[in-house]
Amino acid sequence: MRFDNPVPVTTIAQLIGAEIVGNVNGNVTGINEIHKVSTGDLVFADHPKYYDKCINSAATFIIINKKMDCPQGKALLIVDDPFEAYLKIVKFYRPFTPSMKNISDTASVGEGTVIMPGAYIGNHVTIGKNCIIHPNVTILDYCIIGDDVFIQAGTVIGSDAFYYNKKTNRDIHYKKMDSCGRVLIENGVEIGANCSVDRGVSHDTIIGAGTKMDNLIHIGHDTVIGKNCLFAGQVGIAGATTIEDNVILWGQVGVSKTLTIGKDAIVYAQSGVKDSIAGGKVYFGSPVEDAREKMKEFVWIKRIPQLWEKVMANK
Amino acid sequence: MRFDNPVPVTTIAQLIGAEIVGNVNGNVTGINEIHKVSTGDLVFADHPKYYDKCINSAATFIIINKKMDCPQGKALLIVDDPFEAYLKIVKFYRPFTPSMKNISDTASVGEGTVIMPGAYIGNHVTIGKNCIIHPNVTILDYCIIGDDVFIQAGTVIGSDAFYYNKKTNRDIHYKKMDSCGRVLIENGVEIGANCSVDRGVSHDTIIGAGTKMDNLIHIGHDTVIGKNCLFAGQVGIAGATTIEDNVILWGQVGVSKTLTIGKDAIVYAQSGVKDSIAGGKVYFGSPVEDAREKMKEFVWIKRIPQLWEKVMANK
Amino acid sequence: MRFDNPVPVTTIAQLIGAEIVGNVNGNVTGINEIHKVSTGDLVFADHPKYYDKCINSAATFIIINKKMDCPQGKALLIVDDPFEAYLKIVKFYRPFTPSMKNISDTASVGEGTVIMPGAYIGNHVTIGKNCIIHPNVTILDYCIIGDDVFIQAGTVIGSDAFYYNKKTNRDIHYKKMDSCGRVLIENGVEIGANCSVDRGVSHDTIIGAGTKMDNLIHIGHDTVIGKNCLFAGQVGIAGATTIEDNVILWGQVGVSKTLTIGKDAIVYAQSGVKDSIAGGKVYFGSPVEDAREKMKEFVWIKRIPQLWEKVMANK
């Protein structure tokens, strides 16, 4: 998430009650995921295993629950509960202020674009030229839609991430990590009916130019999909995953979080991708394997009774 | 389903043309599923294999197609077709009278709750405080939503049960069992985009406090979900199933009907649960097994070619 | 797709810039899929492997990219790019002219039918008698709904086919095959919440009388479903497939394209049907096999460790 204008680190520190260690003169430009940060970004680290990664990332500002040495030019913001500090910032800079109109006054819709009845277009949404937004589609705040994008009926763009912090020692069991990221849909994308594309938690969910999606597909938060991919019906992709260009996922394929599917990979129907897989290959199974190997395995399984017979005969 | 006021059993008998055997002075308080009944409830039994169970249940009133002995204080309502008698009662006491407004006059919405454009709130719906009901959500008649509940765009609460009686010797092949139950959503529940939660047939579908659900999830009729469960995208749960507290179901898991998943169970993505499983364990596969055993099985399958070679060498 | 009135073949030829070989006096009655064509229909063939099939089909008019001999009474329309010619015809005779009202003036709704708030009924839609169209349902142009049809909230009828032509040597990677077919839903069909039923590309998607579908189901373009079928939640069926009468598909079953499932077949939950299967049998697995055989296979797999032990002992 980018702030509308850079915010002095001292302002942020005051908002969250943090002590600043390091450079007190910087301006924070936005909040971001640790694997996507750049200069000016703010991240948070609430567990020792992330401390080094965060401090040594490209991020300039780190909300952290331990006083540590701070690299030159950066600033640590020391608080007891970095997660709660993050929520405070999001609630302050991206408060939930829903538009109560079908098309928000702050939304922008390009020439030649058709918005059909029952569609909801939220605050600060930008839709490009020559798009068709079918009936009962919901596009929530801050999402950006390119040109020549078709979104079929009932689809939801920009729903909140499914992302919770476990709070075992409190009244609340799971506490929602508020989403401040967006969904960016590039030119020429087509999305089927009754799909859902979650916004990023603090980064963006991106669907690359020319990608085509069938119906009832779920795309998780912060997932980045390349150009000219083809996803068949009921595919589900979890959060913060990377799908490179030209990937084809057939029906009901499930893809786990924070992994990468390489360029030109093809995954057959009902497969489950639980770890990263290389591009240029064909996969099948749950969990997936090389499709040809998997097919051979089916043949081997059919031979077990024959094997049993032989072993009994050998006895 | 509870009647608005208790109904004399003689009134019910007259409505459905039943002969009463037993206590003619009782008042019927509601209709319920056989595994959920209590005193004052009405059930129906149309097959000999259910006769004893129904008559000896906690229910006070039994619609039945055979004259039998009636326990003290209870009443049997004898009819030719108990299923049709049930439909008559439901159609009379819960007639389909849809509200034609976006928010019904008989709905009640708590302080601080936001209902966004395109949402539909039916008759006698109660929504608690500080909820967010996103655009194009549908909440149908008699559903009860607690406090601090977030329902994301496009989700449907209170759709009718998928429950049909097979009528092989009639014009009609499958006849719908009308739903008169509700959906009860407890405090702090969060439901993703484009989900569907069916109402109970005669009991209620319940989602326990603090449970969080991702997008495109299907919850069947009369299913009871515990507190603080976590269901990832595209999970599907059939009817009349019990999911105890803290259960985690990962993406695309399918759960069959009328079974129980024990407390703290975790089921890995794409698994299929066809029978009850004990709590506190981790499961995988379709049908599910202990996840570690299932993983070992994958290793054993990979060894078949090696086994084949050994057997051939032994010959 | 039927034209509103038959169109002289010379008019079509002029529209697409085609040279006519054969009978120049015919009238084109419609466009259709090659496996569904009848006299008066137009098809297109853009690859040598389809030339003979198209020319010798029941179709009277063939758009083709090679000059060939034409059977008596038929006409070939010779163009460089039959796919682009097809798009021109569809865009001309079925231009996208969305109704901007919730219920189009050209829609027709039968007596006793209830259309609830937020539902969208497009141009030239016909809905029969005593139907219930729940809130936020979308029924798009030209779809035909019979009598006594219930469509639950959020469902989309008539979304465009997921059908693209790969254009490797152009700017555009996948080019959409515009849909001009319809969805026909016969009497007594019931469809659950948040489903999607795609229209045919040029033929129709058909759901046979008395068929009942649960929630979150996806039905692909040009698929023909028989009478009295039962599909449980999250079933997905790809395009141009045939499901015969009385077929039961349990939850999360996936069915591939252009295949046939025979009458009375039952497919267990989470199975994957990738080729045609005979009627009257029970199936399980991904890909499916005879359910009993599949169950036996599970038992055989469990015996591998035992087999291993025996082989080691035999050594």
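For clarity, chains are labelled A, B and C in written order, and residue numbers in each chain start from 1.
We adopt the following convention: a contact is a pair of C-beta atoms (placed from the backbone, for glycine too) under 8 Å apart; a residue touches a chain by one contact, two chains touch by 3 or more.
No experiment lies behind these values; they were computed from the predicted model shown.
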Neighbouring chains common to chain B and chain C, by label: A
Same-site or different-site touching of chain A by its copy chain B, using the half cut: different
Geometric centre distance via CA averages, chain B-chain A, whole Å: 32
Sequence positions of chain A contacting 2 or more other chains: 118, 136, 154, 194, 216, 234, 252, 270, 286, 301, 304, 307, 311, 314
Residue ranges of chain B in contact with chain C within the complex: 96, 98-102, 118, 120, 136, 138, 140, 154-156, 159-160, 162, 164, 172-174, 176, 194-196, 198, 216, 218, 220, 234, 236, 238, 252, 254, 256, 270, 272, 274, 286, 297, 300-301, 303-304, 307, 310-311, 314
Chain B-touching residues of chain C, taken from the complex the two chains share: 114, 116-118, 132, 134-136, 150, 152-154, 188, 190, 192-194, 210, 212, 214-216, 227-228, 230, 232-234, 246, 251-252, 269-270, 286, 301-302, 304-305, 307-308, 311, 314-315
